[in-house]
Amino acid sequence: MSEYLLETSGLGLDYGAFSAVGEVNLKIQKGTIHTVIGPNGAGKTSLFHCLTGERKPSRGKIHFNNENITYLGAHKRVSKGMARSFQVTSLFQELSVLENLRIAAQGRDGLKSLKFWVSENKNHHNLEKAHEVLNKIQLNDVSDRLAGELSHGQQRVLEVGMALCGSPALLLLDEPTSGMGVDDIPIMTGLISELGKEHTVMLIEHNMRLVMSISDRITVMHQGNILVEGSPDEIKGDEMVKKAYLGESGHE
Amino acid sequence: MNSKTSIFRGITLIALVLIVLMPFILPSVTLATEILIFALAALACNLLLGYTGLLSFGQGIFFGGGAYSASLVMIHFNFGLISALLISILVGAALAFIVGSLSIRRTGIYFVMLTLAFTQMAYFLAYTFSDWTGGDNGLLDVPRPALNILGITVSDLKSSESFYAFVAIVFFVVFVFARRVIHSPFGTTLVAIRENENRSSAVGFSTNHFKLVAFVISGSITGLAGALYAMLLNFAPLSNIDLVMSENILIMTIIGGTSSLLGSLLGAGAIVLLGDVLSSIWPRWMMILGVALIAVVLFLPGGLWGGVTSLFNKLISNKKNKEESSTEVSK
Amino acid sequence: MNLYLFQALNGIGLGMIYFLISVGLTIIFGLLNFVNFAHGAFYLLGAYLSYTAVVVTGNYWVALIIAPIMIALIAWVCERTLIKRVYHLPHTYQILVTLGVALIIQELCVSIWGPIGKHISPPDSLKGVFQLGDFFYPQYRLFVIGFAAVVAILVWLLLDKTKFGALVRAGSEDAETVSLLGTHTHRLFSITFALGVGLAGLAGVLAAPIRGIHPFVGPEILGIAFVVVVIGGMGSFTGALVGGLLVGLVQSLMTTIWPQGASLMIYGAMAFVILLRPYGLFGRA
């Protein structure tokens, strides 16, 4: 048994002649919060899409729990124990917060939800899960409000909550603080580090303060490949990382 | 369990009251029967459009398919009432499976275009195979067999009243069934797919399976409606499978309101009744439908049923306000 | 042999008319990302307006000019008052609203011109036949091919060589770019809609002396226009031309053999294209 929950070997993704992800060997250890950072265009999002199953990789393999999931469809990865959030908030806007979470929990049932002849009220376990997550993300006060009516910060939190409902072994978070106001960011920071106690978390993030304060491991990507990997302190002092980021800002 | 999700209370009761009253209020029992038959088709369309967010121009295929198949087995193989209706349900389901499984490979406008293409193909197929369908003349002399249960003749269904009663029972059963469907885990997943397909897939639903089952359920109900319509008219015209039929079913569904199953009954009722009353005085009454369609999209997204409920809610809150203000005055 | 040449020419003529109908639909979809289910109804209205113009003025040429311009004006008013309100809505709503518009136009036409249908004759100067050896062909039909070809070139020049065309093409590539260009997008949208619909009206006028004017032909025309647009590729000018000619030729060559088979074939082709190559023959992936 490998100690890694998620492992990619030689993973790459091409868009025509352009190689967005070169050959990435990413290893995510069980029980850690592992962040992928890098300047714009480094291939983080493309890598993320391969991990969630949104894109089929051009080469390489993805192993999850020692199982090859390289070409598994997005929805099937949920039953394997992966769940994701979106960079651009993607909720059921016209449904209540609780209903959003309940449906997300129901996603674990997969094709069992095709049962059109039973009452939805019979599925207590999904409602319980929804309430459990509601407590965790502390949106109890707004559980009856429509998701679309929430503040942006609350929507971001619910976005993470939706992923949590799948009771995943691995949480994939795509820029969880994207578009969040400065005041809301500590809430997200607290939430993710709290989640890190029970789940393995892999996230893409731009907010360096958040990244440095909660990550166990950090992988820095540059031009489609891994530049360095290490603990937050190692990354802080790394010259190559500085250059990569400076190079970007130098062009701006 | 509250009345909103209970399949026997709430709007099911309203539906029951309506179908009992309809033959007495409306000008003729046949008209009431026609309304219920189209309400079945609209309700099936609503499952796709209102609950799954799929705009299908393929409903006419299932309607016509149900009408032809039931008529053919009755004419050529002497099938009885129940078995002929079962055939129409199966054929509707099978056609919906074919059309659905191909169409849902695409989304948005391309999905709509696929259903449109299949409807046109079905029409020209029916036109071509006139030995079976009667082509342009339609299928004539469609029988209306007696209702036999366990070998006992319950009713010969010859009178329009008895046929109405039979259709009403069928409608009520389907209505209760549809209520169960939309308040099942399956139904809530359909709503999730309508709201955000990407997210639904991300939380673990294989959305295409759900869309396909929705299609099959919708197709089987529409096929049943088509068969009942052929029995009502004793005739299965080519127009059953026409694009215009698909459009009419869609228009009934939308004008009635896509947020509730009762909307479909309302929509079918309004349009069939309007057509019956107006067509003799003003043959161009369809113009109203055009205006209504635009008005519903722009101003009344809930359709007729949405309008009725919001009016009702307003009346209640007005009454409350009045009571409150009057108590204030008396203080 | 002559019969096949005759049918092929018929097919090209029909194809050019289909092109005129479809090019508007495809440009409107490309630039405005708008699905116009009323397109067939405007074709119908164009044909009827030309009928009235011929009755009033007794001159086909006046009708040929006036009717399409009136259609474009009506479309412009329609866009300003109604269509612009649904641009931002999902395609489903656009379809429903324009379906409503189509119903209204169709029923208006029947109210005004009656349910039977009308016929107009070609202008006197084109009533004869063209003769080459032992091959005869109606002059008017040749005129339609030539006239439509000229219009096609004009539309192509407009799209390819003018600033207006550059904006339309830029908008089809990326609507946001155009909205960055400033405040005139709504005018660009109105003009494009009016132009596209006007071309459908022109097709109605050109086709009227050949096919007659039938009040319930709108949905059929709309269906064929969608076949053409889908096969050619949504948003593609070349696609509309090639698709229109293909469909026209198939229909024309099959009329003597199996007319319903032609319809089966073209709708089957449409389904195939969407399933296998959704961006069509000339559309962008």
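First chain written, first letter: the chains are A, B and C, and each begins at residue 1.
Assume a contact is a pair of C-beta atoms (placed from the backbone, for glycine too) under 8 Å apart; a residue touches a chain by one contact, two chains touch by 3 or more.
Since the model is a prediction, treat every value here as computed from it, not as a measurement.
*Asks:* Going by the stated contact rule, which chains contact chain B and chain C alike?
*Replies:* none
*Asks:* Among all other chains, pick the one whose mean CA position is farthest from the mean CA position of chain C.
*Replies:* A
*Asks:* Could you name the chain whose CA centroid falls nearest to the centroid of all protein CA atoms?
*Replies:* Per-chain C-alpha centroids ranked by distance to the global centroid put B first.
*Asks:* So the centre of each chain is just the mean of its C-alpha atoms; given that, what is the distance between chain B and chain C in Å?
*Replies:* 34
*Asks:* Counting in whole Å, what is the centre-to-centre distance of chain A and chain B, each centre being its mean C-alpha position?
*Replies:* 42
*Asks:* For chain A and chain C, what's the span in angstrom between their mean Cα positions?
*Replies:* 49
*Asks:* What parts of chain C, by residue number, touch at least two of the other chains?
*Replies:* Residue numbers touching two or more other chains: none in chain C.
*Asks:* Would you pick out the residues of chain A that each touch at least 2 other chains?
*Replies:* In chain A, no residue touches at least two other chains, as defined above.
*Asks:* For the complex, which residues does chain B have touching chain A?
*Replies:* 1, 5, 7, 180-181, 183-189, 191-192, 195-196, 198-207, 209-210, 213, 217
*Asks:* With touch defined as at the start, can you tell me which chain A residues reach chain B in the complex?
*Replies:* These residues of chain A touch chain B: 52, 73-76, 78-79, 83-84, 86, 90-95, 99, 102-104, 106-121, 123, 162-163, 165-166.
*Asks:* In the complex of these two chains, what residues of chain C are touching chain B?
*Replies:* So the residues of chain C touching chain B come out as 35, 82, 85-86, 89, 91-93, 95-97, 99-104, 106-108, 110-111, 115, 219, 223, 226-227, 230, 234, 258, 260-261, 263-264, 267-268, 270-271, 274-275, 278.
*Asks:* Can you list the residues on chain B that touch chain C in the complex?
*Replies:* That would be residues 49, 53, 55, 102, 105-106, 108-110, 112-114, 116-118, 120-121, 124-125, 127-128, 243-244, 247, 250-251, 254, 283-284, 286-287, 289-294, 296-298 of chain B.
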